[in-house]
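Each in structure tokens, the structures are laid out below.
Across the two complexes that follow, subunit A remains constant while its partner is subunit B and subsequently subunit C.
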Partner chain A sequence: MKALPWIFLAAMGVFIYLPVGALVLFSFQGGTLPVPPFNGPSFQWYADILGDRDLMAALGHSMLVGLGSSAVATLLGFTAAYGLARHHLPGTTLMRAMLIAPLCVSYLIIGLGLLIMVQRLGLGLGLSLGTAGIGHVVINLPLCFSIIYASMGAQQLSAERAARDLGATEAKVVLLITVPMLLPAIAAAFFLSFTLSWDEFIISFLLTRFDVTLPVEIWSMLRSGLSPRLNAIGSLVFLVSVVVVLAMETLLFGKRK
Partner chain B sequence: MSLSRDTLRGWGFTAPALIWTLAFFVVPFLVMAAMSLATLEGRTLVWGLHADNYRELLEKRYLWRAVVVSLQITLTVTAVSVALAYPLAWIIAFRVPKRWQRLALLLAILPFWTSYVVRSYAWLTVLSKEGVVNQVLLSLHLIAEPITLANTRFATVTGFVHFFTMLLTLTIFANLIQLPPNYRRAAMDLGASAFQTFRHVVLPLTLPGIVTGAFLTFVLCIGDYITPQILGGNTELTVPQVIMVQLGRRADFPLAAALAIVLMGLVTLAYLACARWLRLDRI
Partner chain C sequence: MTAPVTLTGLNHWFGTYHALRQIELSIEAGEYVTLLGPSGCGKTTLLSVLGGFVQPDEGRVMIGTQDMARVAPAKRPTTTVFQDYALFPHMSLRDNVGFGLRMAGQGRRARHAKAEEMLDLVGLAQAASKRPHELSGGQRQRVALARALAVEPEVLLLDEPLGALDLALRRQMQDELKQIQRRVGTTFVHVTHDQEEAMAIADRIVVMNAGRIEDEGTPQRIYRQPRSLFAAGFMGEMNQIAAMGTGAALETPLGTLPVAASGPQTLCLRPEALGTTGSLPLGTAVVKDAAFFGTHCRAHLAPEAAPEVILTAHLPPGDVPPPGTRIALAVAPEDLTVFPA
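Now for the complex of A and B:
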């Protein structure tokens, strides 16, 4: 009976790591099929994908969309959080609800709405990486706003007041007091946005046409069936996410210890 | 005067985010809702207040079927994921020594950060005829020949459960760890068995966490296109898959929009069903 929790823990460990383990292991496969028996290690598939121009272009696009949309989402999330936490505004609850609302709607529906709007109303927007980036800001803004809003406490408030009493302008207060004090939360919001944008498929799929992001490129490669190439590029995508998540983890929790 | 200047400034800070949400979330949503009431005459789109798409939904069996399939898959996934995540979160919160807790939690949810296209693909290789699962079962002589696992509903559910178990472990763990240990000690001291303590003390107190996680699972699962598309094969279609078919092959935007509205309706129903326990502000 005593061992039961540990057996369960081990079984869950196997379940959770089975797909990722197989993905990474068979990215070093010597043959052409990413299934047992394993004969390797071979680095041919990594050499293959690093030399693939379409894939590397898609990787660049994903980086661009990820960094750009996260920067915008973090900036908008911060200013909204500052406005709502530091000023008495009528209708605060309603505004908060509206900022959080996209969180409760499927990515597919957000993407579909934007697709219909772009195609029917035009507005000078076409199907492009920029439009996909706009969609990514929509899905990430609620998270950035909530993370930063939640970390705005009385602690910064008194420092802000002190600065204001000493004659600092609002811009100076924000840039020299609020932003530095909230830096961990702001960085966390940025990194979280980046990983979500980096992994996002459906919005990018609906809103891009010629230049696509990495998940969309992987998706189109999937049509030709299982291949260790896909394992290699998948492992690479996973590696980037893990690095970002670990960076976020150390930033957020490393300091508290 | 100073108050109104303060208010103006506040709006100045809040406005950009609000305008963004309005322009790229609220407006597209309204356009989509209007689209669901438009109709196609031949290949031309006619705006107006037509109920054609919704009537089609009621009349065409394959559309109905998609709603039923989506609900069946989503409810199965939610139930199984909670059943797996709760004990896992419990063990990490109360059995794993304190100093290993953060590491255990981090490890338990690390694969959560695989891109969902990549994760579904990885499951496809694992579940394929020559894949790891079949090979292990064969070598243990549990089966005589490879069984079909990929391209079935089982594969879709497995892929989903894998992802949502990690998500739920996180939300339930956050809830369990907030529970003052004295509550459990008090119940035990007063003579409650381990099960009674769980049933009457721990479970009611962690219900909001469970329901919030389950609701999140429902929303994300019912709207996902990738997992059923990669793992489920095309034997049965979910609502998102049918939406994508309308967009692609048939370019029937009004019907796709109507299906999206139905999807929203299902999420709203789920929301109302769990509203009592939901703590969305705590996500």
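Now for the complex of A and C:
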């Protein structure tokens, strides 16, 4: 029985960290194939992808869609959570359920639905990054709403009441009391949305044509076979995710101590 | 600043529950009033009506010369010290205390100066840059008080402000509250369920029960001559003895007393009123047990005339009488109170 935890730990390492480790390792491969034997280290593939216009454009698009859609999803999630937590409206339970429901719908369905709607409306493909962004708002809003709604507790409620008692208008109450007190949850919602949008594939694939996001670009590169370039891009994407997580840890949780 | 408060014909319902019943109350400018009662008696609802957090279904709330019954909390000359303090955790104490002034549009310098002055008033001048989580419970309580007073309200409302503090700190804060009230002169309305706290700080106590005002007056008057059986029992321990009035006198198990009453009555006697020195004899009683309490000796007594009636008495702390000792009981006539049963 004592061996079981160690087996579990080893399995976790093999299945979770070994692939990432191999990906990063072979991004420094000297040859043209990302397979053993390793003959490096070499930064040639990083130089190669950083010089690739299309790839860098796709990276920029992903950044833009990620930041924009996360900002919108967080804003909508906060306002929905504040409204439902602070005001008694008819059908509160139904509205809450409808806000969370998109979590259970597959990304494929959401993407297809948006694609059909965009074509019906005749919006064409010029807005492709915009519609992909809308898709990401749709999938991230339920998460943002849930995270922020769950952290609205009695503590904010009484602080808001105290602020009103001291003469604050509703706008000042939200801006100076509610948002700062909920900042950890709001930031967590934002960063989580960003990481999910950052490597989302299906919706972006369906809704973008000429301006594509990074996962779509990687997918089209994959069709021409394995190359250490892909490892280099993958490592870059991974690095961004790590930076986001570290930023979240230090910004939000470091300060509380 | 300070203002009188007059409540007339106040009624409020939560659903079908009649939370405030025909409340009539006048509070003078600069007075320290406590609303005292058990939980659910309506005292906190009444305070919320004063603060504007509950709009009464009927009645008028005059603060100064204006009816405030329908005015929002932000627009009232009242501020509240909440039971949970409700400090803003993301602000320094200086910003917490200066918040009301900021909302009133005062500049940073002026409000910081005022905030520091208020923090000085509550003895926290050194801590102005700290955050609320760095403080102890008593210190947070002081900050909440300073924050509420910084906007110079005409009426300060305190909702069980000392409920979360331990006994020693509570006693100390009671004294401080009273001193601060004397210094600023603001009308204080303080809700509590602790009758000792009410007596320690209030100029006037308003005893509430089931949405009604049962009694109001100075602590001494309410303690010694309560106007209702409820107020008598709530203000402290009380021996309640069933009695029968015969017009000119009162028949009790302890003998006939010269009290005018008729019909079934309840005779009330405070434990400390029972002794051996009063002018009205109550017969002899046997000590069942006694214990030393420092300031007094608490004893259970069985009167010889009615051994089934057990009286609690606080006797002088000199000698603890051993069980079985016979004592000649007597009371002062002014310590007797009688209510229709």
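Convention: the second predicted complex is superposed on the first by the 237 of 257 C-alpha atoms of A that agree within 3 Å, B and C clash if a C-alpha of one lies under 4 Å from a C-alpha of the other, contacts with A are read in each partner's own complex, and residues count from 1 in each chain.
Note that contacts are C-beta pairs under 8 Å (C-beta built on N, C-alpha and C of every residue); 3 or more make two chains touch, one makes a residue touch a chain.
On a predicted model such as this, the values are computed, not experimentally measured, just so you know.
Applying the stated contact rule after C-alpha superposition, one finds that A:S158 touches subunit C and leaves subunit B untouched. In the superposition on chain A, A:I134 contacts subunit B only, with no contact to subunit C.
By the touch criterion stated above, A:M181 is placed in contact with subunit C alone, subunit B being left untouched. Of the two partner chains, neither subunit B nor subunit C is touched by A:I147. By the touch criterion defined above, A:I100 lies against subunit B but remains apart from subunit C after alignment on the C-alpha atoms of chain A. In the superposed model, A:L192 lies in contact with neither subunit B nor subunit C. In the superposition on chain A, contact of A:I49 is made with neither subunit B nor subunit C.
Taken together, the subunit B residues at the contact with subunit A in this complex read 3, 6-7, 9-18, 20-22, 24-29, 31-32, 35, 84, 87-88, 91, 95, 102, 106-108, 110-111, 113-119, 121-126, 128, 130-132, 135, 162, 165-166, 219-220, 222-226, 230, 240, 243, 247, 253, 256-257, 260, 263-264, 267, 271, 280, 283.
For subunit C in complex with subunit A, the touching residues are 51-53, 72-75, 78-80, 82, 84, 86-90, 99-100, 103-104, 147-148, 151.
Within the complex formed with subunit C, the subunit A residues making contact are 155, 158-159, 161-169, 172, 176-177, 180-181, 183. The touching residues of subunit A, counted against subunit B in their complex, run 5, 8-9, 12-13, 15-20, 22-23, 26, 33-36, 76-77, 79-80, 82-84, 86-90, 95, 98-110, 112-117, 119-121, 134-135, 137-138, 141, 145-146, 170, 195, 198-199, 201-202, 206, 214-215, 218-219, 222, 226, 230-231, 234, 237-238, 241-242, 245, 249, 253.
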